[in-house]
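Let me begin by presenting the structure, written as structure tokens, before commenting on it.
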Amino acid sequence: MPAARRSRAASTAAPTRRSAPAVRRPGAAHPQPAAGSPLAAHPSGPPFGLTRDQLHRLLYLMLLNRAFDDRISTLYRQGKISGGAFGSRGQEACSVGSAFATQPQDVVGPMIRNSGVILTRGLDLRRFFANYLGRATSPTGGRDGNTHLGDLSLGIVAPISHLSALIPVLAGVALAFKLRGEKRVAMTWIGDGGSSVGDFHEGLNMAGVMRLPFVLVLENNQYAYSTPTASQCAAARFADKAAGYGIPGVTVDGNDVLAVYFAVRQAVERAREGNGPTLIEAVTMRMKGHAEHDDAGYVPKALVAEWEKRDPIARYRQWLVARKLMTQPEEHALDSRVAREIDLACEQALADPFPEGPSALTGVYAEGGPGASR
Amino acid sequence: MPAARRSRAASTAAPTRRSAPAVRRPGAAHPQPAAGSPLAAHPSGPPFGLTRDQLHRLLYLMLLNRAFDDRISTLYRQGKISGGAFGSRGQEACSVGSAFATQPQDVVGPMIRNSGVILTRGLDLRRFFANYLGRATSPTGGRDGNTHLGDLSLGIVAPISHLSALIPVLAGVALAFKLRGEKRVAMTWIGDGGSSVGDFHEGLNMAGVMRLPFVLVLENNQYAYSTPTASQCAAARFADKAAGYGIPGVTVDGNDVLAVYFAVRQAVERAREGNGPTLIEAVTMRMKGHAEHDDAGYVPKALVAEWEKRDPIARYRQWLVARKLMTQPEEHALDSRVAREIDLACEQALADPFPEGPSALTGVYAEGGPGASR
Amino acid sequence: MRAAEQSPGAGQGPQAEEPTYIQGITEALREELQSDPNVFLIGEDIGTYGGAFKVTKGFLQEFGPARIVDTPISESAIVGAATGAALMGMRPVVEMQFIDFISCGWNQIVNMAAKLHYRWGPSVPITIRGPSGGYTHGGPFHSENPEAWFCHVPGLKVVAPSTGWDAKGLLKAAIRDPNPVIYLEHKFLYRRIRGPLPGPDTVVPIGKAEVKRAGTDASVITYGSGVHLALEAAAELARQGHSVEVLDLRTLRPLDLEAIVATVEKTGKVLILHEAHLTGGVGGEVAALIAEHAFERLDAPVMRLASADTPVPYSDALEQFVLPDAARVRQALESLLDY
Amino acid sequence: MRAAEQSPGAGQGPQAEEPTYIQGITEALREELQSDPNVFLIGEDIGTYGGAFKVTKGFLQEFGPARIVDTPISESAIVGAATGAALMGMRPVVEMQFIDFISCGWNQIVNMAAKLHYRWGPSVPITIRGPSGGYTHGGPFHSENPEAWFCHVPGLKVVAPSTGWDAKGLLKAAIRDPNPVIYLEHKFLYRRIRGPLPGPDTVVPIGKAEVKRAGTDASVITYGSGVHLALEAAAELARQGHSVEVLDLRTLRPLDLEAIVATVEKTGKVLILHEAHLTGGVGGEVAALIAEHAFERLDAPVMRLASADTPVPYSDALEQFVLPDAARVRQALESLLDY
């Protein structure tokens, strides 16, 4: 966990917030951030109190996120991953930017497309690969796959497949913080599709009325499996849902890592100071199919091409270079560090043992406590 | 079903609609309609195309609603009702005004506090009493109690206890209308408390995105059992939830039967014309305990006294009289008609037989259809 | 802390001066709140109002809002939030206003809470309790006995006390257990059953059945409200010279196989009794265990008596016809004794 | 319309040219959509995408958006909406993307749909279908076999076909049935099982089990994926001279008691086999029925073989260890035959 994340410099970033909800015409696409001039809103110079190192780290984490996902994709195609493999290409800024705004004592609940969150929270790469590969060395010991992993020492709570179910759970984490008077924040993520499920509503309503230190990042990546947002929800913006819970709703360019970081950091600070939850809609695009088996033939090619221009990594890298915040040698060093780390961790994980069959019967119940022990 | 309900005169009533959601300060009460000058917003003369007969019928139905609830309360205290008995004192305008805006071909799903809806839709009083009394002659034959009754010939779908579960069901009724191209509307009701449950969200979101001919009336009666709205939801108004579904959200004085009627009629017409659902928040007050067993000691007496001044029946009666839309003999005739009808129906229902024990085993499964019959 | 060897309170007939079953629940909650700062209660109307059945009356004043948490109406979020708080080291006790509403929290229970420890390690010490059962004209949505559903979920424990003693002792065990426990209290028994309560240091262990009445000619294996019907029938049959044993399972997951086999070994004749619907009920599992583990010792077919396979109807005669009663238990036992 | 007397397709080994199990599902849906204008399909990604498993591929083009309804991700609302549409005379067929997500629609199924007819009369002809089962490395949330939960709900019917023939015939019966039917298709069998399919006028009746292989020495009572394990084990044992009968329950609620008793009468030895977790599974109910109705005819304890009482783990060796396989079925049968 980078110590830098504790930086408290006041942010001047003003995430777009429109408070009048509009009724969207049916069929119209949800609003998207403008293309072109990436990160244009940010002032010159190292922005918002982030150090040069921190700015580099953001790029490193996004690169790592993409390289990890790409390697997972390769392993899947090689038949080495027997379960689902969900990528997050195009959404790296959402995961990395948001998780980067948390502090080590905070707790996060990442979803399937949040490998970047898990990496930002510092899970050992080898153990992460091992989870996809079903190895005994992974956080689930092969009992669950992909990003379905948790590690409380890193403040990571594992998701279940059932969409939105993590929202009440992380609200409950926040409730524990509040009841105990701890200045810690709980955060989780949801998709445009997952926002339709009941637990989204119950969890956010409870968090709102109890003013829990809770942040929900809604990644509007235009699709839920094959379903476009226009068939998922008639609201003009997903952030419009916030008003129904009496909490701020913020829409942010999800392909701008700094914009995501600052919007989430404001929300995290707000939560930490006892001012309740925030819903942040990060508008982005799922650049591949739902999972590796899906060629996403239902997504218009033009839409993908359009979003390709807003690639969060390329944009950010360009911006760093343009502002002379990163030198070419630094760039190369980062790229090769990422490649090296991925290669090594993947190799190690592939050599890790599978769990033994009979071990499957253990650990259904936790031991200890009078009920269990007597 | 009064033929009058088919009247299509254009309404000039403008239900209060504020489109900018505000974040409510914690602890602050939800907004309430102003006391005093009842029905002040309505122009003089028989308003909005309602005939004198229709205006009288509205009063009749509210009186019947109250007299019915009062008699249920008496029967409960006499030990003649063995299950729960939920009154709707103070909320008669919500039930009657909204149901009055439906047409016979429409379908409604009333909740426990909507005896007025059931009466407006024309359920025989005796059968209604019989349902509370567990008699064989009731719509459920004694299998369920209170307002848990349905009768498709009257377009009534029975609720279950689980709050908000009717919302997806009535959305499904509306879906059938839409798929078949029928100009019919589905309507149901929910409380401030019930709005917190997942099905509220899932059902309303689905109705919104499919633009179903559906109307949801949210009766904000300040309490959910002992829980005040401030502990239920942090939104400034419950109608603010509408924006999250891309549908209009309307707040209306729930103690003004004409205001409720016109707001709902507009929504019903909107739905019938294919323009999708509406959420209508009717602000009112539960003037008794949650059910007969509850003395509502947790409700500040001053609050009740305040709302007593806005009693929907007294207000409307005064208004009719003040505008010379009802004569004293007409008033007396109505009062005694209601008393007579209640007395007779109650007496008949009390004489109705209980179901026989063994009949309990029949009718778990519907007969007919190839799967069942072969 | 000592485990109860033999819990008093069953089959002794009501004794007006003794505490009720529901007081056992209240005492357990109070004592656990007092002794463990990580315990807190969460549910609808449990604070100001003290709960629909007044189980937590006065608790808000006694323990304050950081221990007694009133929530919006959101069974799924309540269970989910309890799970999240448990991950942070708390021991939340959830109240369902009626146990019927637990169906709204189903997914959080069976997929999130139940599977969590197995999947990635942390324990989930949550207790979900609420009034279950019929005989109160509650109708189809206030009479449910949902235990069988939960008994099919690895990772859950399920308990259903029949006496105040067990109600208190099992609730304490449930709260201290590191796993999610479904605790089914029977609302018909709340104020009808009286008897002594264990002291603050006694728990009734999860997983241990108890012989509530010893006998030699036939066994009733039952739990919850069934225990009282069985004791009534056994008492009547005793007058006719029959000796009927009543085994109270108390815990439904994990079942106490040893105690089940022991009673079959002893009597050779078994009636399984429960208030939940017959088909797919816990009785099937018990019958299967007997068929597998005590087959040779059976002198008669294993019989089951349970609620009819219908929703629980509201009107008196209907409800009575659907739910088991002592007369039918006696009849069933008579035919078993005659076999 | 005629009911199938003996359904082909089981135990014949794969024949490449014959249609798959999943095609049976697709054909049933297409034919019912064609023949009954009240039938419509509703679910997530079933239109444009044709469903996660492509069961409804091309249907949107063929039948249009008024018959193939794509929804937001809302299992509860989908089931509720199906119920509402059914009240208006429609016959909705719900697809759960994976059957595991049915837990999110739980309350609508068990409290709204299942109890509705009993409470106030209208029929609720909805079918809820979806891919169930393991053997696909789906892990704890894509491997569920939830049938036992639903078998404890009066008002529901539950079916679980093992062959393409039954898959097609039972789905048609389910759609035409006036009650809510939970239809559990097994995704491991989707493209692995081939065999003939019935014509458009044939339904496989709900409530009727079928002997998939006749035998005299012992019976395996099973359904779904278990049928294929049993047939494999029976074929192996036949080479050793043992004659094992395989009874495919096909419908799990209501159970075909007559067929269950008949096979016990015939062989006197029973192994109950299912892929769902052992404890609280359908096997318990079957064992209880046998213990009650065929006790005198039993020559051995009733045995059960099922998945271990754990979530279904992801990694290969773990999943294999938890789920039943043909070798373990054979071992269990051998010990039964030796008894």
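Every chain is named by a letter (A, B, C and D) in the order it is written, and numbering of its residues begins at 1.
Heads up, the rule we're going with is that a contact is a pair of C-beta atoms (placed from the backbone, for glycine too) under 8 Å apart; a residue touches a chain by one contact, two chains touch by 3 or more.
All figures in this text were calculated on a predicted structure; none of them were measured in a lab.
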item: Distance-maximising chain from subunit C - centres being C-alpha averages; value: A
item: Pair joined by the larger number of C-beta contacts - A-D, B-D; value: B-D
item: Inter-chain centre distance, subunit B versus subunit C - centres from mean C-alpha coordinates, in Å; value: 38
item: Interchain centroid distance [CA atoms averaged], subunit B/subunit D, Å; value: 42
item: Subunit C and subunit D: spacing of chain centres that average the CA atoms, whole Å; value: 32
item: Where subunit A touches two or more other chains, by residue; value: 140, 143-144, 148, 160-162, 196-199, 202, 205-206, 209, 231-233, 364
item: Per-residue overlap in subunit C, given as positions that touch at least 2 other chains; value: 72, 74, 76, 100, 103-104, 107, 111, 115, 118-119, 140-141, 154-155, 309-311, 313
item: Subunit A-facing residues of subunit C, complex; value: 1, 3, 40, 66-67, 69, 71-72, 74, 76-90, 92, 107-108, 111-112, 115-125, 154-155, 157, 172-174, 176-179, 181, 203, 205-207
item: Footprint of subunit B on subunit A - complex, ascending; value: 19-21, 23-24, 26, 196-202, 205-206, 208-209, 211, 230-236, 240-248, 276
item: Subunit C partner contacts - residues on subunit A that touch it in the complex; value: 107, 139-140, 143-144, 148-152, 157-158, 160-162, 165, 167-177, 179-180, 186, 198-199, 202-203, 205-206, 209-210, 363-372, 374
item: Complex contact set, residues of subunit C against subunit B; value: 44-45, 48-49, 52, 70, 72-76, 97-98, 100-101, 103-104, 137-142, 308-311, 313-322
item: Subunit C to subunit D touching residues, read off their complex; value: 100, 103-104, 106-107, 110-111, 114-115, 118-119, 140-141, 148-149, 151-155, 253, 255, 272, 276-277, 279-288, 290-293, 295-296, 298, 300-304, 309-311, 313
